[in-house]
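Going in written order, the chains are labelled A, B, C, D, E, F, G and H, and every chain counts its residues from 1.
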Amino acid sequence: MGSRSDFDTVSGALTVLKQLKVAYEVRVLSAHRTPQLLSSYAARAEQLNFSAIIAAAGGAAHLPGMLAAYGRVPVLGVPVQSRALSGQDSLLSIVQMPAGIPVATFAIGPAGARNAALFAAAMIATTDAAMRERLDAFRAAQTQAVLDDPYFEDEPQAGEA
Amino acid sequence: MGSRSDFDTVSGALTVLKQLKVAYEVRVLSAHRTPQLLSSYAARAEQLNFSAIIAAAGGAAHLPGMLAAYGRVPVLGVPVQSRALSGQDSLLSIVQMPAGIPVATFAIGPAGARNAALFAAAMIATTDAAMRERLDAFRAAQTQAVLDDPYFEDEPQAGEA
Amino acid sequence: MGSRSDFDTVSGALTVLKQLKVAYEVRVLSAHRTPQLLSSYAARAEQLNFSAIIAAAGGAAHLPGMLAAYGRVPVLGVPVQSRALSGQDSLLSIVQMPAGIPVATFAIGPAGARNAALFAAAMIATTDAAMRERLDAFRAAQTQAVLDDPYFEDEPQAGEA
Amino acid sequence: MGSRSDFDTVSGALTVLKQLKVAYEVRVLSAHRTPQLLSSYAARAEQLNFSAIIAAAGGAAHLPGMLAAYGRVPVLGVPVQSRALSGQDSLLSIVQMPAGIPVATFAIGPAGARNAALFAAAMIATTDAAMRERLDAFRAAQTQAVLDDPYFEDEPQAGEA
Amino acid sequence: MGSRSDFDTVSGALTVLKQLKVAYEVRVLSAHRTPQLLSSYAARAEQLNFSAIIAAAGGAAHLPGMLAAYGRVPVLGVPVQSRALSGQDSLLSIVQMPAGIPVATFAIGPAGARNAALFAAAMIATTDAAMRERLDAFRAAQTQAVLDDPYFEDEPQAGEA
Amino acid sequence: MGSRSDFDTVSGALTVLKQLKVAYEVRVLSAHRTPQLLSSYAARAEQLNFSAIIAAAGGAAHLPGMLAAYGRVPVLGVPVQSRALSGQDSLLSIVQMPAGIPVATFAIGPAGARNAALFAAAMIATTDAAMRERLDAFRAAQTQAVLDDPYFEDEPQAGEA
Amino acid sequence: MGSRSDFDTVSGALTVLKQLKVAYEVRVLSAHRTPQLLSSYAARAEQLNFSAIIAAAGGAAHLPGMLAAYGRVPVLGVPVQSRALSGQDSLLSIVQMPAGIPVATFAIGPAGARNAALFAAAMIATTDAAMRERLDAFRAAQTQAVLDDPYFEDEPQAGEA
Amino acid sequence: MGSRSDFDTVSGALTVLKQLKVAYEVRVLSAHRTPQLLSSYAARAEQLNFSAIIAAAGGAAHLPGMLAAYGRVPVLGVPVQSRALSGQDSLLSIVQMPAGIPVATFAIGPAGARNAALFAAAMIATTDAAMRERLDAFRAAQTQAVLDDPYFEDEPQAGEA
């Protein structure tokens, strides 16, 4: 992530990664304040054959795009909800990459971070049967949670209508 | 893609897929006009263990999100540039997925489609050494094209400044 | 509605439905987490000959459009005010449906939910004289509330101007 | 509609109405240039027990909202694509009605007009079995058109993937 | 104004009107809930030869435009800051009037209301010498307030730079 | 106006002014390129007791606001449709004036210019009976033009519905 | 700055200027309420050969553009985060200057103010070796702050991945 | 600039630089396709003590921000008008830099490029008397061009009003 203050956005992603047993590291890396690290970090991610890099950043968010420029590892970009523009700047700065260097972009804020983690798991699941099972179980539980409690007390239910 | 008219947006992606030797199929599938196919198509993609589904759609674009809801295969969403709102509606309808069901979103229009194809190749490359080589070559060529011709005739060049 | 958290948005609609004696049921149904229910719920609504389905959802809001895709019953879409984009994403995801599958869309948030309920009553009133009377009374009372108290204490009133 | 120039937007709706045998009239009625007609037109629509009024308008579009204010007949609003703001002004002027007076809003431009017509048919179909059949046939044909031709010449098809 | 809740927006305007001795009345008049009053109120304003009508409204704000449609008296529109869209809907619904019926529009919220009051005074001042003097005094005082205190304690002042 | 290229936007206003026999002058005056003229032009407008200044400008449009700052004469601002942002920048730069210095703002582009001219006539009409008559005639003709031709050939008319 | 209330936005800039030993003055100067000062202030800045003027303003922000119009000294514009539109109006009013009169624009709010101060220092540094050293030290410290603490307690670190 | 296709945007800037005798070089440098050059180019600009780097880029425009991150030389960012979003994405990606790394941003498109060139000249002029003279002459000529021809044939001029 681009700044320590982005941790709140990212923490939900870490919960998902733990739950799905995806190995990960988490660190601050700023496209603007530590540009010299971009190249080496991207190279290291290639060497360690990372499945993906989840990069969260806000405002004129250059971190995801630059990591994608410096290396081949798939980059999952998460737009942080910025103060003045609520993440509209973050979203456009990440998603509107020109043809040639892709960044897979997710929703603004914590929902996007969680989904980036789920997407990373889904990518791994395409070649990893155990992950496939864990992911299917996760999705089934998520569905079941809605099915278990679809009605509201004191409100008419299906059948009465 | 959601409609035959989206083919112009998608065709650049097909060029990339061919160039990188990514096996693919291409078809129209409308979240709104053929909703009954969504479930079976997503299931088929799981059974054939597709690496990814690239889904392009415009306006209130529901195709990528619904394919992601119906199955586990990673969905890459491409917002088609819509007539009235230039794809702002397509982008938000695809990228702002709630936590739980991810869609990896790319830029509005042809650039996004090309990048979705490159991203699919990069996903495959994480576990496929031959793809890794083809992708690295593709990226190197792209870089070289800029390096080969950075100056403009009749304009001062570096060193003269 | 797409999530339990949307209940605050929807509750004003329920008050209106009760007041106008429109029979209704209320439940959570998620386009993304319970997509398998969409088809059967839309079919059931057709079989029970529902006058309308009010569907509230936020962000990349696909619930209203998918219910409209799966069945013939008129769908009234209510965009929930989302956290980052204040419902602009919800609104565009619901209203910008492509030609062929309509969703009647109302304002972002509780005002839209109330109006969806009033619209459902107005639809019923076109063929139900008793509803017509109740709706006319409701509207007359609403007008009278403004007429009863148009001035402000300590401020000059019409005639003094 | 609010102006003769809106006819291009509306004409697709008329095609749908004819096809589904919905009786209709079409006329120009301007909230701003002929405000004195609003009240009487809304009253006439009530007296003739119209199923719906489709009102298309652009810019600061007040026609749908004012017809809804003056009468009980359901109003379907179609935002015309305006010159400077591409219909964003039309959309917000129509959809963001305050609680109390609903306008069912559809997409900007011709797609919205067609959908308003389809929605009117769907409203009528809730109490008219013949309309139900015509609408079901229309929707089935629309689905079949996609199913009949989902592939592209010279591109790989399902099964080859 | 369109609703009692708009009083907070409008109250600053009343202060200005009192200060500049502009005779006024203030009342609630809803384009949507009391449309029958629009025509008579506009006619009354013409008969009493009002210099202007200040109309504040929010969301799909039709009050200013409809008062302008029903009568010749200059209408000054004030967009109320709405809940979901911060007054962007109010602004476009008021300012984007089609050619033929003008509404003079001011900023979103209390600043716009104050400025509408000042503008009304300036209109009157074009043919009323006493108002001209009061307005010039008001503007001079406003300028002087800035001139009297342009610096900040503990910060360097002009001359030291 | 701020630039010769704004003449297309403004010319419709001149037609209205001629038609309503409002005396006027028209000139280029640039807030940015001829700032030294702002003060003297505003002073001259006060001395000649202009009823209003119509100021059209685009982009970061400062002309209307600065003329309002330099003098007491009512300023009617017309946002020119700019190239990149279609006048959204022009609109906000003109309408969002802080409390204290009002600019009456009209729609983006030629419609706004025409309406500014009509508004100037309406302002004059509050104290000029002859103008009142010309304006009433203008408005009546405008209404009559809609009333004279509300139907479309080959389309069903009222009564047949 | 345009108003005393803008001080919160600007104060971070002053901290930077002090830290980098850039001589400065700070004062309120309103384009709208004290327009007569614009010309003389810009002339004074030229005479004293200021390196730059940092001008913060909100809403229809004319201060930076007018100072740039009145004089040759480089103007650095800082859009203040406005109440209704979160500084989108301020940003466009400052950055969208027409060709001929440049304003260098920075981010909305305090981040933009700090960056304007850093930019002023960087401008001075192009011809001032001591400033160059101070600026390099400032930037190095900023980088080091990220490098010193890139990890999060209880989260896996690089190497464990 | 980030791509050869940005030359149209930039060419106006080159005309200004030539006119004002500012030495310059012009080249393509892509943040995304040639990221390895960013660091060395920024270092070279520092070594040659460039007065400024004008960086034009579109979409998710990272070139200006990354050049500013890699070096101390003042960066002037020009948002290129992008296809789908008309440069709104380019603008936000450039101007919304986080505190610490400034990019001076100008208007979207050719106007911004011209102004960046003028701003570079103004920066140089703060320590270069000859440039000061050339810039003053340029600005005076620009003002004179407006003054020479402020009226329109066949339209009333000042004095007749």
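Please note the rule applied: contacts are C-beta pairs under 8 Å (C-beta built on N, C-alpha and C of every residue); 3 or more make two chains touch, one makes a residue touch a chain.
Computed from a predicted structure; not experimentally measured.
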Where chain D and chain G overlap in contact partners, by chain label: E, F
Listed chain pair B-H, D-E or G-H that repeats interface C-E [over half of contact pairs the same by residue number]: B-H
Mean-CA-position distance for chain F and chain D (Å): 33
Inter-centroid spacing, chain G versus chain C (mean Cα positions, whole Å): 47
Averaged-CA centre spacing for the pair chain G and chain F, given as whole angstrom: 35
Sequence positions of chain B contacting 2 or more other chains: 33, 36, 50, 59-60, 84-86, 88, 95-98, 100-101, 103, 107-108, 111, 142
All pairs of touching chains, each written as two labels joined by a dash: A-B, A-C, A-G, A-H, B-C, B-D, B-H, C-D, C-E, D-E, D-F, E-F, E-G, F-G, F-H, G-H
Complex contacts: residues of chain D adjacent to chain B: 81, 86-88, 107-109, 111, 142-143, 145-147, 149-152, 155-161
Residues of chain E that touch chain D when the two form their complex: 2-3, 31-33, 35-36, 38-39, 58-60, 62, 65-66, 68-70, 82, 84-85, 88-89, 92-98, 100-101, 103
For the chain F and chain E complex, residues of the former touching the latter: 12, 49-52, 72-74, 76, 91, 95-108, 110-112, 114-116, 118-119, 122-123, 125-127, 132, 135-136, 139, 142
Chain G contact footprint on chain A (complex, rising order): 4, 7, 14, 23-30, 33-34, 36-37, 44, 48, 50, 59-60, 83-86
